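Some structures are shown below for you to check.
Here chain A shows up in two complexes: once beside chain B, once beside chain C.
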Partner chain A sequence: MSKTLTLNGQMISAREGESILDAAHDAGVSIPTLCHMNGVGDVGACRMCLVELAGSGKLVPACTTKISEGMEVNSDTPQLHEYRRMLVELIFSERNHVCAVCVANGNCELQDLAIYVGMDHVRYDYLYPAESIDVSHPMFGMDHNRCILCTRCVRTCDEIEGAHVWDITARGIKSHTITGLAEPWGEVNTCTNCGKCVMACPTGAIFKLGATVAEMEKDREKLAFLKNARERREWV
Partner chain B sequence: MMQDEVATLLEKTASTERMAQSRYSQHIQVCMGTACMALNSEQVKTALEHAVIENGIQKQCQVQRVGCPGLCSLGPMLRVIDKTITSEANEPRETLYQQITPKVAPAIITSLTPAAQPTSALDVHRCEVADTFFKRQVKVVLEHCSHIDPERIEDYIAHGGYRAIQSVLTKWTPQRVIDSITKAGLRGRGGAGYPTGLKWATVAKANSSNGKKYVICNGDEGDPGAYMDRSVMEGDPHRVIEGMMIAAYAIGASQGYVYVRAESPLATKRLRVAIRQAQRAGLLGNNIAGSAFHFDIELRLGAGAFVCGEETALIASIEGGRGQPRPRPPYPAESGLWGCPTLINNVETFANIAPIIDKGWEWYAGIGTAKSKGTKVFALTGQVKTSGLIEVPMGITLREIVFDIAGGIPNNRQFKAVQTGGPSGGCIPEKFLDMPVDYESLAKVGSIMGSGGMIVMDDSTNMIEVARFFMEFCMDESCGKCVPCRVGTVQLHRLLGKFVDKTATPADLIKLEGLCKLVKHTSLCGLGQAAPNPVISTLNYFREEYEQCLKPSP
Partner chain C sequence: MMANKVKLATVWLGGCSGCHMSFLDLDEWLFDLAQQVELVFSPIADVKIFPEGVDVALIEGAVANEDNFALVKRARACSKMIISFGDCAVTGNVTALRNILGPNNVEQVLQRAYHDVQNLQPQSPRFVVEDCATNTLHEIVPPLLPQVLPVHAVVPVDVYLPGCPPPAPRIRAVLTQLLAGNTPQMIGREMLKFG
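What follows is the complex of A and B.
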C-alpha cells in the first residue's frame, strides 16, 4: 500500500514499510549518508541522515525510520546543515584523514561529504591517534588511519558474504575494526578473499594492495546488485 | 500444586518461621550489604556468634544477617532488638549501633546477658543520627531490607512475601493487575519516569509472532556513586522476583531475565540463591500455584558497560551480542528480546509492585505528588554529614534531604549544588533547594530524577571539574557506535580540560556550547543524548566559573 507524506514542504508518495531515506531518494531529494549502503542493513550510526519530524521537532535517522501516513519530514533546515557539518568535522578530527596521500583521494565518500557540507576547516582539535596499517593479507590492506567505524565492511561481510570476518572491538573512541579474533587479516582463515569489504568501504581504509594515491576506485553498487540478484534468484 | 496448596504452603512457612523467631527474645541484626561487608561486618557477625556461645545465651539470642539499613557511612551497622525490655507502647527495645568492630562485638553480647553491668564502652557506638536520619523517610521499597535475612525465603514469606502473587494468581485477571499499577501512578524508576502501567499495557497488547514474551529486570546500575538497585537486590531479592512474577502474569510472559552486573557479586549471589529457593518452593516454574501460569527467571551477568543499562543495548547483551543500542522505534515493547515483545523495568520499579498489589493502589497513590507517586530511593553521597541510602516520598524538598536527613554540610562549609541523575543529570544550585523532588520539577531545572544518585557538593567544589569528571565517564562508557557520542564526548572532555587548565579562549566557550547541543540532539541513545547535561547545567548556573577560567587576553 502506498502512503503520502510531506518532505520539505512537498507532498510525496511512498511505499508502506519504506524508510524515509528510500522515499526521499525516490522523490529525488538527496539526504547525505555515510554508514548507509544499498544492499546491507542500516544501523543509524553516522547520524548524517538525521531529519526533523514536524510536531515533535525530534531528529531521527532517515535510514532506519519508517514512513507513516501524513508524516511531515524536513531534511533541509539550517540547524541540520550545521549539525551535519559538525559531525563531518568530528569524524575528520578523530583519525588521520590526510587526503593528499590517501589511496581514495577523489573517490572518497567522506571527502565528498566534506565538500557537500561546506567544511573548509575543522574547528576541533585533531586527535592524531597512533594507528596501524595491516597489510598481512595477500590482496588487500587495512589502514586504520582512515577508518570511520561506519561498520559497512562488518555488515557486508556478515550479510552478503556470510563470512563475518570483520567486527568491532573495544568501545567509545577506542573502538576499532578487527578481522577474525583480532588477528592480522592475512591469518584469518575465514576470509574468502572476495573483496566485498574493499568495495563497501567509504574511505581509503580498506584498499587493494598496490593501489597508490587516488587510485582506489570503488564499485559500491555492485554489492547491492549482488544482493538483489541473489534475492531474486537471477542466476538460478 | 493446587491453588489452596500454595496458600497453605505460604501460611505454614510463615507460621513455622514466626514460631522459630519467637523462641528468641533477643535478635541481633547485622548489616551484610556490600558497604558494611567491606568494613568487615562478616567478622563482626562471626565475633557476635562466638560471644553468644561463650556467654551461653544461644537459646535466647539470635544473630541474623540482614540487608542495608541505609547508614552506609557509619558501618558496620547492627540493630539489637530486645524483647525482654519493652517501651510504654509495648514495643521491644531497638538499639542501633554503628561502626562496630569484631573487637567491640563481644561487649554487645555481654550487655545482653542477665548479669550485664551498665557500661559506657558501647556509648560511642550508639547511633545518634538514626532519629533524624530515619524520621523523614518512608520505606516502601526498602521496607524489609534491613529486617529480613535476604538468603532465606522463609523470612521473606514470614514478612508477608509472595502473598501478592498468590492473590493475583488466584483472584485477579491480568487486566486488573495492569489497571492497579496504572491507577497507582507508578513511574519507571530507571530514570526516565515512563508510566509503568502504560508500558505493561502496551506489552500485554503486543502480538508476538511465536507467542513468546519476556520480562527483563534491569539491574545494570552504573551511575558513579549510586547503589540503590544493588542494595535492593542484596537486601530483598525475593521482592524483585515477586514483582517480576506479577508483571509476567499481567503481560503473559513465561520467561524472565535479571540483568545484573558481575561487579555486584553479592547481589548476584543473593539473587541466585533467591531464584533457586523460589524454584524449590514451586513459586517459579511450571503451573505456578496450580494455575496455567508458567514463569521462570534466569540471571544474566553484565560485564560492566554503562551503556548496557540502555534497554536496547541490554537486550543485545542478553542475546549474546555486542552491548550497543539500536535506534528506537521499534521499542522493546513491540520488538525486544529475540524480536519478541519485551517488558523491561528497573529493579526498583519491580520492588514497588508487590506492595501496590498487597496494600492497594489507593494507598500507593496517596504517597507523593500529583504526577509522581510513591517513594524514591536515593544514594546520598558527597559533602554531607551522614551519607547513605535513603527512601523518601516524592515531593520532599531537596533541602529536607540535604539538611534534615543527611544533617547538612560538614566542616562548616556552605552548600553549593546537588547533582542528581549521575552522568545524565545536572547540578542543581542552592536557589532550587526548596523545589519538590519529582520527575517534572527536576527536569524543569535541567536535571533528571535518574536512577537515584544524589551527590551533594560544598563551596570548595570546582564545577568545571565536576562537569569534566562526568564527561570523562561518558567518554569512557560510550559504546562508539554513533559519531556525536564517540567523538563529541572526547572533544567536550578536551574543551573542559582547557577550562580546568585556564587555557580556554572565548571561542572555546562557544565551541563547548555548540558541541553540547550537537551531542544532545544527534546522539543515538540516551547515554549520548544526556552526556552534555552536567556541562549544560553547570554552564547555566555557574557560568561565571567558566568565564573566570578563560585565558587572560594578552
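What follows is the complex of A and C.
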C-alpha cells in the first residue's frame, strides 16, 4: 500500500513499511550513510543518516525509521550538516585513524565521508587508545585501531554467511568487535574463511593479510548480489 | 618592489619534509610564485630566526618537541596567516603514532629508536654538550614533548591544507586563491582528501 509523505518540501510516495532511507533513495534523494550496507539489515549504529521530523523536531536515523502517512522529513538542513561533520570528527578522534599508512587509503568509506562533510581538521582531542591488531587468522587481519563499530562485519557474517563469528562486546567507549567468544580470530573454528567480512568493512579494519598501504579494495555490491540473487532468480 | 611582495614563510616541524618536497613539485610555477612572494624563512632558505611581519606561513609537521613548540608559537606571533600544511600539521598523523604508547612515552621511544633497533654503537642522543670556547653547556637536541600535538592544539590556525603529502596542484590552488585575496575554498576530494 502506498503512503504519501514530504521530503525536503517535495511530496513523494513510498511503500508501507519502507524506511525513510529507502523512500528517499527511490525518490532520487541521497542521504549519507556509513553503517548501512545493501544486503544486510539496518541497525542505526552510526547516526550518519539522521533526518529531522517536522512537528516533533526529533532527529531519527533514516535507515531504521519507517515512513508514515503525512510524515514531513528534512534530510538537508544546516543543523544536520553540522551534526554529520561532528559525528565524522568524533569517529576520527575515537580510534587511531592514520590515512597515510592505512591499507584502505583511497578506498575507504570513512575517508570519503570526511570529504563529503567538509572535514578539514578534527576539532576534538584525539583519544589515542592502545588498540590491538589480530593477525592470527591465516588469510585475514583485524586492526582495532581502524574499527568504527559499524557492525557490518557482524551482520554480514550472521545474515549472509550464517556463521556469526563476529559480535560486539562491552558498552560505550569500551565497545569492541570480537571473533568467537573473544578469542583470536585464527582459533575460531566456526569461521569459514569466506572473506565476506573483509568486503563488508567500510574502513581498513578488516583486511587481507599482505595488503599494504592503499591496496585494500573492497567489492561491497557482491554481498548484496549474494543476498538477493536467489529471490531475483539470477542463478536460474 | 620588494616591499609590495607577499612575505611567505615555510616551517618544518615534526614531519618527514614530504610536504616541502611536494611544494618543490610545483616546478616551473615556482618562478611565477617568486614574482609575487618573498620567501623570508624556510628550510630551503638560510635564515636562522623566524622574522617579524610575515604574511603567510606554511607549517609542515606536528608539534613533537620543545623546539617545534617554540617555533610554532613564534611563527603565530609573527604571521598574519598560519596554514596547517599536510596531515602531520593537521592531525598529528604518523608523527603522533607514539601517543598510542601513553602520556609518558618519551623514554620508551628513545630506548626503541636509539638502543633496541641499533646493532652498532647504541647510544642516547646527548641533549647537552659543553661549549669549549665559553665553557658553558648547550642544549643541542630538543627534548621531546610528552605527547605529539597537531598545530591547532598549540596555536590558532587559519587554513587547513591536508594530504600526506598535499599534492602540488592542491598547494598551488590554495596559494593562488590567497594571492588573489580570497579565503581558500577547501571543498571536495581534490582539496580535502587525507592520506
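What we mean here is this: the second predicted complex is superposed on the first by the 229 of 236 C-alpha atoms of A that agree within 3 Å, B and C clash if a C-alpha of one lies under 4 Å from a C-alpha of the other, contacts with A are read in each partner's own complex, and residues count from 1 in each chain.
The definition used in the following text is that a contact is a pair of C-beta atoms (placed from the backbone, for glycine too) under 8 Å apart; a residue touches a chain by one contact, two chains touch by 3 or more.
Quick caveat: nothing in here was measured; it's all calculated off a predicted structure.
Of the two partner chains placed by superposition, only chain B is touched by A:L149; chain C is not.
In the superposition on chain A, A:M11 makes contact with neither chain B nor chain C. Using the contact criterion defined above for the overlaid structures, shared-chain residue A:G172 touches chain B, although it does not reach chain C. Look at A:Y83: by the touch rule set out above, it reaches chain B but stays clear of chain C.
Within the superposed three-chain model, A:V98 lies in touch with chain C and out of touch with chain B [touch as defined at top].
More residues of chain A are touched by B (comparison of chain B with chain C). By the document's definition of touching, of the two partners only chain B reaches A:T64; chain C does not.
Once the two complexes are overlaid on the shared chain, A:M1 sits clear of chain B and of chain C alike.
Overlaid on A, the two complexes show chain B and chain C touching the same residues of chain A, namely 125. Those residues of chain A whose C-beta lies close enough to touch chain B in the complex are 43-47, 50, 59-61, 64-66, 83, 86-87, 90-91, 93-94, 123-125, 127, 149, 167-168, 170-175. Within the complex formed with chain A, the chain B residues making contact are 305, 307, 322, 326-327, 329, 475-484, 486-491, 494, 511, 514-515, 518, 521-524. Those residues of chain A whose C-beta lies close enough to touch chain C in the complex are 92, 96, 98-102, 105-106, 111, 114-115, 118-122, 125-126, 128-131, 145, 214. For chain C in complex with chain A, the touching residues are 84, 87, 90-94, 96-97, 99-102, 147, 150, 152-153, 157, 160, 162, 164, 186-189, 192-195.
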